Structure formats: C-alpha cells, structure tokens
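Read from first to last, the chains carry the letters A, B, C, D, E and F; within each, the first residue is number 1.
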Amino acid sequence: MYNDLPETELRTYKSSQLCREDFDAFWEQTLLEARGAGGEVVIERVPAGLATVDVYDITFPGFGGDPIKAWLRTPKNPRRPLPAVVQYVGYGGGRGRPWENLFWASAGFAHLQMDTRGQGSGWSVGDTPDPGASGPQVPGVMTKGITNKETYYYRRLITDGVRAVDAVRTLPWIDPGRVAVTGGSQGGAIALAVGALVPDISALAVTVPFLCDFPRATVITDAYPFREIADYLSTHRQDIDTVANTLTYFDGVNFATRSRQPAYFSVALMDPITPPSTVFAAYNAYGGEKEIQVWPFNGHEAGGPDDDHFMLQFLAQQLDPSVL
Amino acid sequence: MYNDLPETELRTYKSSQLCREDFDAFWEQTLLEARGAGGEVVIERVPAGLATVDVYDITFPGFGGDPIKAWLRTPKNPRRPLPAVVQYVGYGGGRGRPWENLFWASAGFAHLQMDTRGQGSGWSVGDTPDPGASGPQVPGVMTKGITNKETYYYRRLITDGVRAVDAVRTLPWIDPGRVAVTGGSQGGAIALAVGALVPDISALAVTVPFLCDFPRATVITDAYPFREIADYLSTHRQDIDTVANTLTYFDGVNFATRSRQPAYFSVALMDPITPPSTVFAAYNAYGGEKEIQVWPFNGHEAGGPDDDHFMLQFLAQQLDPSVL
Amino acid sequence: MYNDLPETELRTYKSSQLCREDFDAFWEQTLLEARGAGGEVVIERVPAGLATVDVYDITFPGFGGDPIKAWLRTPKNPRRPLPAVVQYVGYGGGRGRPWENLFWASAGFAHLQMDTRGQGSGWSVGDTPDPGASGPQVPGVMTKGITNKETYYYRRLITDGVRAVDAVRTLPWIDPGRVAVTGGSQGGAIALAVGALVPDISALAVTVPFLCDFPRATVITDAYPFREIADYLSTHRQDIDTVANTLTYFDGVNFATRSRQPAYFSVALMDPITPPSTVFAAYNAYGGEKEIQVWPFNGHEAGGPDDDHFMLQFLAQQLDPSVL
Amino acid sequence: MYNDLPETELRTYKSSQLCREDFDAFWEQTLLEARGAGGEVVIERVPAGLATVDVYDITFPGFGGDPIKAWLRTPKNPRRPLPAVVQYVGYGGGRGRPWENLFWASAGFAHLQMDTRGQGSGWSVGDTPDPGASGPQVPGVMTKGITNKETYYYRRLITDGVRAVDAVRTLPWIDPGRVAVTGGSQGGAIALAVGALVPDISALAVTVPFLCDFPRATVITDAYPFREIADYLSTHRQDIDTVANTLTYFDGVNFATRSRQPAYFSVALMDPITPPSTVFAAYNAYGGEKEIQVWPFNGHEAGGPDDDHFMLQFLAQQLDPSVL
Amino acid sequence: MYNDLPETELRTYKSSQLCREDFDAFWEQTLLEARGAGGEVVIERVPAGLATVDVYDITFPGFGGDPIKAWLRTPKNPRRPLPAVVQYVGYGGGRGRPWENLFWASAGFAHLQMDTRGQGSGWSVGDTPDPGASGPQVPGVMTKGITNKETYYYRRLITDGVRAVDAVRTLPWIDPGRVAVTGGSQGGAIALAVGALVPDISALAVTVPFLCDFPRATVITDAYPFREIADYLSTHRQDIDTVANTLTYFDGVNFATRSRQPAYFSVALMDPITPPSTVFAAYNAYGGEKEIQVWPFNGHEAGGPDDDHFMLQFLAQQLDPSVL
Amino acid sequence: MYNDLPETELRTYKSSQLCREDFDAFWEQTLLEARGAGGEVVIERVPAGLATVDVYDITFPGFGGDPIKAWLRTPKNPRRPLPAVVQYVGYGGGRGRPWENLFWASAGFAHLQMDTRGQGSGWSVGDTPDPGASGPQVPGVMTKGITNKETYYYRRLITDGVRAVDAVRTLPWIDPGRVAVTGGSQGGAIALAVGALVPDISALAVTVPFLCDFPRATVITDAYPFREIADYLSTHRQDIDTVANTLTYFDGVNFATRSRQPAYFSVALMDPITPPSTVFAAYNAYGGEKEIQVWPFNGHEAGGPDDDHFMLQFLAQQLDPSVL
C-alpha cells in the first residue's frame, strides 16, 4: 500500500535537509587522509569452478588504510581493457561467495563487488572487519559513532567506496576511463556518495538508495534500518541536534546535488525501508543527467531483475562494453 | 532453534508413509499418456544482453501436451555437447528472467530451468499456465485437485519435470547421456520424483526437498505450504483418508526408494518449512549412492551459495564438464 | 482506527475507475454463451435433521454449463410460492453444510446459497470445482487468469451468480417475480454484479462489497485479498496496464452505475479489507434507490447480526413474504 | 501442528489435578444459597421477524439472585412439550441477537441460550452485568476474584448455569424431564459443571471444553484465556498456591468424575486454546457413558458445523424430539 | 514514526469533545458522596529493609468508602513537615512493592503512591479490589460500567485519586499546603482530573496523559487500551451515543479547562497509545500556567528518567523541599 | 508456557559444554594485561537532586585501560566504610541516569553500577564506547570479534567487570573486604564471570544469567540475543567450530565451576531468552554455597522486585550493612 506522498507530489518534492559549509572540506580532508594512509592492492586468483568467468580476491586499502576485501569478476580471458562496474552491497550483507552474483561479468564488464566492513553476516557473507570504534549504540551500524562526523561509521564505509574505485583503476584488465558505480539500498547510497566524491566516474545506477533525506526518513517510517536512529534517540534524548548535524554530512541529498554523471535511479512506491519520498529527494536534487524507473507495486525489492535489465542497458550505453 | 528430532534420531528415522500397490503402474500410465500427447520442443534465442552466456526460450510439451516454458542457458558457443543440469523451481516461483540464475551455465553446463505451471508469481516470475481443473481448495497449489490422484496438481507438475528431461535430450548442444536434475524445496521434490521416474538420469542434487513424509509433515509444522493441507482438512473434515491416499502417490519417500542414481542432499536443522525429519525420511529411504550435507544453524535457506558450491563439485564429478 | 478518507469526504467520493466501451457487450456476450451452454437444474432433498426448514441440494449450470452446487432452504412445507433470496459467499468460503445458515429460510424466504467454484475451503466448506484454466498466479483467485478479461476467474463466478438467479426462478416453490440477491464482501460483489446484469431482480442487499474501485483499492490497503493483485504485479511488473484493463470489466463501481433496483448497503469505517472509500465508490455510483448503513467502529465484520436484521427488514419490505 | 501428547497417550492421560474434601460441600452450599436467593423467571416475546421460530427474552435468577438474561427459541407454535437444550456461550461472548443461532430450535428443540455475566462484548453481544466484586486482576475474567473460591468469577457463572436449567424446567412449553446441556469451550466447561451439579439432566454435549486440568493447562500453552492465569501469577508471585487451590473447585476434571449422563465430547488435536490433553483429562475422567470425536486437523474451531451435526444426532437419540 | 498531526498543528489543535452542563454538578455530587461515606486512614510501618527511606502501608477510604491501598515513602526520620507528591499508576499496574519506586522519597518528598482498584496485576502488582459492578464488557477496565456515568469505572478511580489527596493531608509528616499530583499515562489522566477537582493542590506534573480527547482518540489509533472502546462498540453497536456521552464526563480535556495550578506536561511524537494530538488537546485546553516537554523520537515511554528529572526540577521549584 | 525440560530434570541437568585446558591461563593473562594497562580511577560528584543518596560519576580503566563509566551511589554522608554491591547491566542497556536505580544505595550499600561498553542505548542509556574492533558480524555484540577468543567482545566486557571491582575497592567510603557482585541476564553473566575471576569477592547474586551453556542455548531458543549466534552461523557456515571454541572461554558454566562464594540465583521457567536449562546448567555446576529461586510463571523478567527483595536479604546476610 502507499504510505508516502502521492506520485505527483513525489515528482517535485524537495528535502529540508541542510548542508553545512564545511561539507566539501570535510570530505576532501577525509579522502586526502585515506589516500595518504598507504596500503596496496593485492590480487589473488580464486578457483571458483566457473568456465566463463574469472574471479579474483582483491584486497585494497580503504579508510585509514584498512584492508578491504572485494571480488573482481571478469569474462574469462578478456582480450582488451574492460569497462568496470563497482558494486556496493545492501545493509547487513557482504561480498558473498566468489561464484555468486555473475550478472555483470557475464554481461562483459569487469565487476568489482566491494565487501562491507563490519557487516557481511545478515543475508550474504563478508570477510572485512571494521576496526573503527563505536560509542554507545543500538544494534546495527546506523548509530555507530554517530555523535561525531569524524567517528561515524559511514565516513569509513563511503571512503572505502571511493578507494574501491581508486583500486579498480589500477588493475591490469580495466579501462580506468570507463568506471561506473552501482548498488541497491545501502549499496545505492554508497554509489551516490562515491559518484559525488569521484567526479570522473562515468555513470551511476542506483536502486532504492538508502541514507537519503534523514530529516524526513527518520520520522515517516518504522522500518529498520532508518529506525535505528529513532531507537538511539529514544534513549539518547539529549543528542538529537548532534545526531542531526552528523547526518547532514552523509545524506544522499547532499551528495546528489554535487554529482554530474548520467544516472539511473529506481524507486518503489510501496517501499517502507527507503520510502519513495526519500529517494525522490535525492533524485530531484541530482545534478546530472538522470532518469528514474518507478515501480508502483513493489516494496524494497524494487525492480529486482527488471532493474538489472534496465541498468545493464543504461550502463552499456554509457560505457560501451564491446560485447554488446 | 531445533523443533524436530535430535540429529542422532534423524539419522535413522523412517517414515510411516505407505506405498500403494499401483504406485508404479500409476506413474507408468501417467508418463505413457504424457509422452503420447504430442507437441514439439520449440527453441528461440533470447537477446539477454550477456557476453558469456547464451539464453534460449524453450517450449516443450508437458503433462497433457501442455506447452511448458523453460530457459536454456549455455556457455557462449559451446564447442562440443554439454552435460545438462535440469533445474526445478521452489514453491510460488517461476523460471524468472533470462539474465537471472547464471551459475550453472557459467560453470560450463547446459542449464535448463523449467517454469512451474500456474505458479511463477510469488518471488520469481513465470509464464506457464496450468490448464488443469481444481476442486474446492485453499489458496496455493497444495490442495488443487487433491481428492483424486488423477487430478492432483503435482501429477501434472512432476510429469512436466519428466518431460523437461525428455526435451533437453533432444537439443543439439546437449549430451543426452549426461543429464542431472536439481532443485531446492519444491524444486528438490520434483527432482527427486524425476530421478525415480527416469532411471537413466545420471545424478541428482537436491536441497531441503519438499513433499516428503506427508504423514509427519502435515502435523509437525505450522509453516506453509505443508500447512495448506491441514487448512484444507480443517474444513473438509470428511476427506482426511482420501487426501492421505492421494498423497502416497506423490511422497518423496516413495520416489526415493526407487532411485539408484548418486545423489547429493542437503538439510537444515532449523527449517520449519521442510522439517529435517521429512528430509531425512527421504534421504534414509534413498536407494542409490548418497551423501547429505547437514546445516545446523540454517532455516529453509539451507546452504544457499555453499550448497551451490557443493552441488557443483558433486555434479562436476558425476558429469565431467570439460571446463573443470 | 480510521485509515481512509473522513466520512464527509466518503459521502461524495467518486472512483477514478474507467469503463470500457465494450463493457456491456462483453457481459451480454458472456451471458449469452453461458445461457446457451445447456445443462439442467437438479434438485435433491437433503436429510438435514431439521424440523422447521427443508433443505435441498441444487445443481445448476453456471459459466460454460459447469455444474454449480447450491443449497435451497425453505420453511417446511410452504403453502404458496415464496419470495427468494439468492446469497453469495465471502472469499475463501463455500456453501457450507445443509444445516448451517438458517436465517433467511427461518424468516420465510426461499434461500438459495450458491457455492463458490474453486474456493469452499477456507472458512466454510464447498463442493464446486473451477475447471477454468489459470495462468501464472499468486495463491488465491484474485489473479487467476487476470491477464485477459475472457479468462479472469471472476468472469466465471459472476456468471454463475447470474445463472443461480436463472435457476432459482425455475424451482416449483418460488415466485420468480420476487427474487433478491445478497451477500457480504465477495458475496456482496457478486450480488452487485448480478443486480446489474439481471435488471428484473427485485432488490439487493450487500454488506462491505468487495471488488469495488480497483484503482484505489489496490494501493490503499495491505490487506488480502486485494493485496493479491499487488503481489502479482510486484513480479509481473510488465502486466500493470493489462491487469488494470481486465479489472475495469469486474469493478463493482461499473456494475453499480447500471443498476436500478432498490439497494441496501453497509460499510464499516475501520475495515482494511474493503476500505470504506471503495464501498462508497460503488454506493455513490449506484443507479437505483439506495440506503447505506455506516458502522463507525467495525472492521470487515461490519454489522454482523445487526446487518442481518436491517437486511431482513429491507428485503421483507421489498419482497413481502407473507410471514412477516 | 501438534504441540501436545501423541494421540495414543492422550487416550489414557490422567490429570494430576487434586480434589479437595469439601468440593461437594462447597458446591452444595453454593447452590443452596443461590436457590434460596429468590427472584423469578420472566418471559417476554421478542419480535425477531422470523416465520418458523419463536423467540422469547428470558430473565431468571442466577447466583445471588442476580437477573440473568437468556433467549428461548422454539419451533413456532409447538403442539406439545419440547425437549430442551440449554446452551452456554464461549469466552468473551454473550447471548447475541434474537435472530442468531437458529440451529437447535429449527431442529425441534426448545433452545435456551444463556447470557454470560460481565462478558458479552468480544464476539457476540450480551446484556448481563456481573455485580460480583473483583480483586486485582488481569484483563478478562479468568483471575477475577481468584484468590478465594467464594469470590471467584466462575463460581457465579457456573451457578448461573445450574439456575438456567432450573429456570427452563419451569417454562410452559418444556418437558422438564428431557433437558440437555451443551456448549463449546467456556460453554462446554459450564455444561460439564452443570451436568455434574444437576444429576437429573438427561445428556450433555460439549466441544473443546475449557477450564479442564489447570495444573497442565496453565503451563503448556501460551494462548489466552488460560494464559491470563500465568499473567496474573507473573506479578502475584506469592499467590501461586492460593490460586491453585481455588482452581481445584472449578476444574472440569473434578466435575467430570461426578457425572453419570451420556455425553458427547469433541477435541481438536491442533488446538492451542484448550489443548487436547486438557480435554482428554476430562473425557478420560468422565463418569458416564461417553464418546469423543477427535478432529485431527482442527484448532479451537474443532468440528464446527460437523460437531453440530453429530451433537444433533446424539441429543436427538437421547431426548427424542418428535420431529426427527 | 509519526502517525498524527504535524507538530505545528499539534501546537494549536483543539479537541471537538463536548462538555455537558451537569459536568461540574456530577463531580461535586460524586465527591460529596465519597467524602460522606466514612472510613478512616490507617497507617502501618513496613519493614522494607531500607536504610534511607521509611515506607508505610496506607489504607484510606476511596469511592464509596472502599478501602484503597497506597505506599507512603519518606526520607528516614524527617525533621519537619514534608511537601507531598501523590502519584497515580499507569494502566494495568498497581502500587508494586514497598521497596520499588524510591525516586520521590530519595529526593526529599513524602511520596504517596496510590494503588489502582481492580488492576494491579499487569506489570506491577497491587492489592486493591474494585467492588464496583460491571455490565457486559471487553477485557480491561475501559468499558467497565461504561453505559452510565454513575457506574463507569473511572468515576470510582478518579474519586479514589481525590481521596488520596484528602488522606495524605491528614498524615503527621506532611505539610498539607504543599501537595502535588503526578503520574504517567493513566496516572497522568488521574492527576489531571484530581488537579481540576481539588483546586488547592499546588502543582501537577503529568507525562503522556491518557483519557484525553476521546472523540479523536477512539478512531485514530489501534493501540490498547483506547481500543477497548472500539472493541466494545464493535459489538454493542447501538451504544455508540450512550458511550460517547459517558466519556464526556471523564475526558482530560474537560478537566484541563478547569485547572489553575502550574503544570508540567510531556508528550511523545511517536506514541500510539496516547497519540500526541490527544495530549495536546488537554495541554492546549489547560487553564493554568503550563509547560510541555516534547519528545520527538519516543513512544509511550516518553521521557522516562529524563521526564523524572524535569518533573523533579519543576516540583521542587513549586514545593520547595528543604533538601534541594 | 514451558518449552524446556521438566523441573525435575532441570534440577540435575548438566551442560555438555567443554572447557579448554588453557581456560584459566587465558583469563589470567587477560587480567594481567588489563591490570598492567594503566589508567586511574576518577571520581566526580553529580548533582542528582537527591536528598538521601549521593551520586558520583566514576571513570575507571577497563580492558586495555579503556575508560569505563559507572555511577557510584551511596547513602548520604556515610559514617563508616560501606559494603559495596557492584552491578552489571542487561543486554543493550547502559548505566542510565544518576537518579535511577536507587535501591541498593537506599538499602545502605555503596552501589557501583558499571556502564556497558558500546551498548547503553537500547532501554537505558550509557556513555562508554567500545574501541574494540569487530569482524563481520550481525547487529548486536554477540558475534563481535567472535572468531577469536582474543577479539571477542565479551573478553573486553568481562574484564571491565573485574576492573570495576578493582576500582570500587580503591574508593574512600568502601570496605574492600565486603564487595558483592550482582546483575540480571547479561549483568548476571558478567557477575558470574567476575565471581570466578576475583576469588575474594564476598558473594554474588544473579538473576536469569545469560551466556550459559552455549551448546544448548544456541539451538533451543529463537529468542535474541542468543539467536544472534545462530544468525551469524547461518551465513558463516564454515565458522561453526571456531565459534564454538571461542564460546567455551566465555560460558557461565565454566566460570561457575570455579567459584566458591555463596551465591543467589534465580530462574524463570517460562523464560525464552535465558531458557531455564541454561541457568540450571550454571547453577548445578556452581562450586560454592548456593540457593536458587524458581519462578514458575515468569518469563525473562523473573522475580523483578521480588528478586530484589530476596537478593537484599541474601547480600545483607553476607555483607552485614549496619543499617539492617
């Protein structure tokens, strides 16, 4: 059922989220430090038992130089540099097993699927710890270190996402000039941020992106994980302003205004987890060429394989993999 | 949590299910009629946008000659006949989209994924109607035509499963001597039945097979879809014996005793949908070489990608795809 | 609690549902075929153990001439032709047992309670199969054959409803000029349709009628069975327009505008299953003399026995059973 | 699903419930006081709009002489004294509306349906207050006055039940020598108690009787209303023995051992509300001729209309209404 | 999540509740009778095992002179008369154990915690029966005697609340000129009523007060205990006006307009049990000096210990306990 | 309801948990390092607004020397050294607000309530971060660092618990020879561990202790937080043995066998969170003088204030605060 604004209002809805003056400086400094932290990209071939796809275990330096895991999957024996799709994972999940998620490589792309630090256990498995400290928090990562933008969990994860793009560009089979980012839900949120922070990315394709329009999202749905924030504030009542301030630095709306790449969005009108107004808040603010696929009868699964189909068409058009 | 027998008892548990004298005659006659009903196998290439995998839209004659849909996926341009894996789908689902489910083809097999008549809407989409009549029933297919073995829904679906094997053997890229069947839950139940009904199938690999040990399954779990039967009998109180009799012809336990192929099973000890004792009932009765993977902390998702990994190893060993 | 429009807006709410030009032609043709399909009305006395009421097992030809079951209950040994009340049953149920539902016969009417093809298992038992084919569908009947108005389940059920009236008029104890139709929820939807399709019916009395105002109903409630349609469209994403088109032929709003009989409606303001705006959509569109009973604190049970009381008064006034 | 003992153990299960020495004295004294409290039976014809059944509003003196309401329904204009069925109502309900519940009168019996003091609001409506005091309690009546057998709610309700039989025997159309008691759940519990306390009742027919085998019932189910007792004891931790002692005077097991009438019982093996072992505890202890209908796939609804059918056959055999 | 009016509208929202002309006369007469009913205040020292706080078991005459229990807790050996805080308890609870709830006494107040007649079992234990009769009702006290203002449960409980203030003023250690009332939810509702009915109370401090704005509260939430009223009216359909009339005499909105003391309120914007508009209805109507603490991310727990902190500051300012 | 062993079997139940040879060495080394990590105890008076109790904000060095917060509450102006009760908090909670939890100080003890690192947000608020890293994990702390005993979260928290005792013994108002530890659920688990690790603690009093008998606890309940472990292992299928091994070092059963202090336990027979067999596993293994209070009708709340009462009596007897 519909629980949000009517579609006509969604089309013009603007978030009330603020953007602090030091937003860009904060992220510039964050990336500067991360890129200066050292660490190297390690590649190791994985015997996944597949005939048509090669899989590599990638370790690259993320936030603080922490070693972050990823899978790189490519069509077997590519004959020339491939366009790359960097994919981020939804909340709770990890990079999974090498032989999962064969879509992008089968479609002719180099596909880097980044692991998610400290998650990777809920619905798909991961291998990357999060050495970052946490203050008092509710279960989950939404409030981990939330009282300070420096310590907030998503500072680390978004930086990992940027560094994944840095890493993929160093790999031998990849054309560094043709890199797109993609993801659904939390993965979409990271893609949206990375698109803004790495301007020379070619394109982005996100489904039901999370972490958008916190001022509205935290009060119009009872669904987790947005609700973790309300849970935290229900006991840390004195931290409401502090938390709201932290979140301005991580809101997809603020990233969206800074992006210029062509972008594919999808949104589901019956989605309680990333309510449609929060997705439209980012979409309507988005600074580049853009299109949005509206799924009227879907929840958070959105277009599922149909989104994949549209994203493949969209990214193929943007990145031109020879195979298509 | 555990809700069934302790594992040591599971290892030796035997179902109390009966087998009627005309069980074999019933199925022999059913297949005779189906194979005599005519219809032809139609193959059409599908533009799925993939670089490493070819996808074909298959239509083959199932029960009553009804046109049944399937996807055939193969590694691109196979150079010699491929071993085939015929896969059946879980309850409520269908064959999905052409670009989904690339695992088996990427691993070097010809992969025929059969659609499920009259389902194909719950979690993956399908395209095949079920022209079979239904009596009074509860929602779902578990009680569709259940008062008579001739009209029961699963007579049609299992026959489709057999005919899918018949069909795949006629296709040009396939080595008809190396065909395995696989599936999870309902898909596993169909694979188990087809393994018994088509003795020259090479192997089978099933996860948490459904439709096993009805006498126990219908009273030890409240989970759907087994519960559809209890729901039906809660109003059709006079049909208890009739329904029990019908189900003897469709119980995986009775198929398992008739099979001789090497088989991989998996079972999950926290599974309320196909409780472990019902899976062990079939496994313990199974007539061929067999192994079972026990997942102690999983529900109905069982081994997920880890089952895929083990099944790939198992079937590769049985069918020897050149690529491994 | 209230989840729909305020009552003042309900009173004037108009559905946005469309009506195709061939709506009347479709139904005219449908009934022509059904009435031409042959079959006869069979009556058999049932030993129900009752002293004041006679019960007969009726079989009559419905859609496609399919044999449809019904119970006829009359006061014992009626001395002259009785006015008849034809009742249709709510979703999932069937005609039940002969000795149930004695209200209308005890009140002096001939009471024909039609069975519901392919349902009759959920909360009351039935005996009538649905030989109609189904495409891919979600559990339940709401999406059975929904991609085409010719194959949609409700085409068959509504036609059965019309043929029940045809049948009751041929029975010896009945005055064919005094026939009313009634029902709650799905039963009310069928009554509403039959009232439109059989103009010489004397009156209708419906409580919380289902199947009204699909464009709104499918998006303002999560309650089943309306939600079956959203479930279906959440995987069959490409069928949204097709399904919407089919539903225009079965929407109670379109039937209501065609009716001219006096009608009793009831609606419950806390009803999530047939939300009040969908009922008012039909009521406000209704073309005959009408009254509506609003139950402010009820859910889908609506007025229950109090609706029965009002309906008895209403139908007694319209049909004048001698006994009152 | 099954959550209780296997059926073979149910058949021989014996409750551990105690019976205090003053059990009989307590009830003798209770009835003596109630019968001495005065009050008269008032009968008023009700215009229910029915042609075949007469309905009367009955008021009779119950516990403490409190005015208790009931409906009396008889076949229209009975020509001779009728056998009577006195029916008690399930938890939360009341006598409902005059035009409901026409089964027993339609079957040729005088049918007295007693209202339930202080309930009559949950699923059917009632009209009788409970002037009895209550101590601290959880919502519902299960712990109303539970710290003392004198003040316990069910002392009053069971006494009402006895006095209903006293009352019906004074009515002009009734044959006082042919009175049966019946009811489901709480109604069955009252019938069971009344059968023991009024030895010259002819028969009893109870479905899924409640209030049996408290020592087991209070710890093997989480379902209400048995759970009200656990809820109470979860805060009134010091009252466990006191409450257990009170309940010995109201346990259906202790009534059952004292009864000598022919009795029909039914039990449902999937019933969480009156778990089957608690029903068998009473059945196995029952002192008269007895039969039990086991419903293997039902919950608390048990046999529903099929129980009605069997109860009608049973009571007709015992009471011989001329009409059968 | 938010389910009520936006905060800006809450700030100016006015209830549509009516106030009958005899509202004041009704309460005047009620208190006159209660104060005339006799009974005496009994004090007994309780050995609670505490070193810093004395606890006394108090029994005082409430409505009808019924003996009502309370705990009096004071700082050990107070050297001069103490200001008193009279506290009422939330729905379902009782006065608990002597050694619970030490906040107010530890803060230097005499703290009288009144028991709640006929409740005291749900989450904290109580000892006070409710001898008042009840008509048909749903479980809980919300509909106990609701068809008449004279018999309604809350007439008795509010009167107890007034008499608790009368009683505390007679105790030796207390300064009768410095008495405040407090409570959360139902306790807040009683405090609100007592504040209006005992004008010389010094102050009141209420959190999320219940029983406010019935016309809105009964239709905008499904949460209990407000929902008990809708449950009752869903079967007692004919009593809607009667019940609405009774409730006008007990609505916190009508008490609030009559109060003149300084008051602290708190409200939680995510509270489904006492929805924020119902609290603001009382707050906006309140006739004295007032302040309200809004908790944006809390449900019915509201400010919890943070409300305690603010209430202590507020009442200390109003009552000046020497200790602060 | 009961979901575990019968009480007679609980009384003799023994866990199958293993104890590794290096258990004692592991903890000895852990405490050695923690005590060698430096850091000092900081005390700051808190203006809590209380007249009878003094509250101090304590910071002490925990695991790794991390600063851990606590509240110290004492009776106002104690005239001689007080016995101390160190309390640990249940899962998700923190030390709360200064003016909460006044029971132990009001009873004459010095009461140190330790904060819980990285929790303190769920139901009571906290102030202590957890700088410890986490690997992939499910939400909550149960699987934080679980693949290695060195990195497991509870290594840090238990060490904090030991260091809290070290800290409290340095405070001026405290008699270091009379220190007890207490807590419920997770708090009870920490107390149990600390009792074993600090042999000269005088006594312990634990209610429904958590973290006991992991081999059984992880498979007999679906309730969180034990279920976090099953959730983790449902994706990290290859880590089952590793995790089981880690848990042997943290199982309350293994701590219990090492303790020699007098101990009070309580257990609730309807507790799904710490099922009674897991509590009895620790109790039956406990090496000191012991008593257990069994609450037959309680869930995880166990004895609540009644446990407090018994614990106060027990600890007063052991520690002799002058005030009793």
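Operating definition for what follows: a contact is a pair of C-beta atoms (placed from the backbone, for glycine too) under 8 Å apart; a residue touches a chain by one contact, two chains touch by 3 or more.
No experiment lies behind these values; they were computed from the predicted model shown.
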item	value
Third chains touching both chain F and chain B	A, D
Taking each chain's C-alpha mean as its centre, the one farthest from chain A	D
Copies chain D and chain B - interface residue numbers shared by over half, same or different	different
Interchain centroid distance [CA atoms averaged], chain C/chain E, Å	50
Distance between chain centroids, defined by C-alpha means - chain A, chain D (Å)	63
Chain C and chain D, separation of their C-alpha mean positions in angstrom	37
Shared-contact residues (touching 2 or more other chains) in chain D	124, 235, 306
Touching pairs among all chains present in the structure	A-B, A-C, A-E, A-F, B-C, B-D, B-F, C-D, C-E, D-E, D-F, E-F
Residues of chain C touching chain D in the complex	49-53, 75-76, 96-97, 99-100, 102-103, 105-108, 124, 305-306, 308-309, 312-313, 316, 321, 323-324
Residue ranges of chain F in contact with chain D within the complex	1-2, 269-270, 295-299, 301, 303-304, 306
Of chain E, residues touching chain D in the complex	92, 94, 118-141, 143, 231-232, 235-236
Residue ranges of chain A touching chain E (in the complex, touch as defined)	218-222, 227, 229-230, 233-235, 237-238, 240
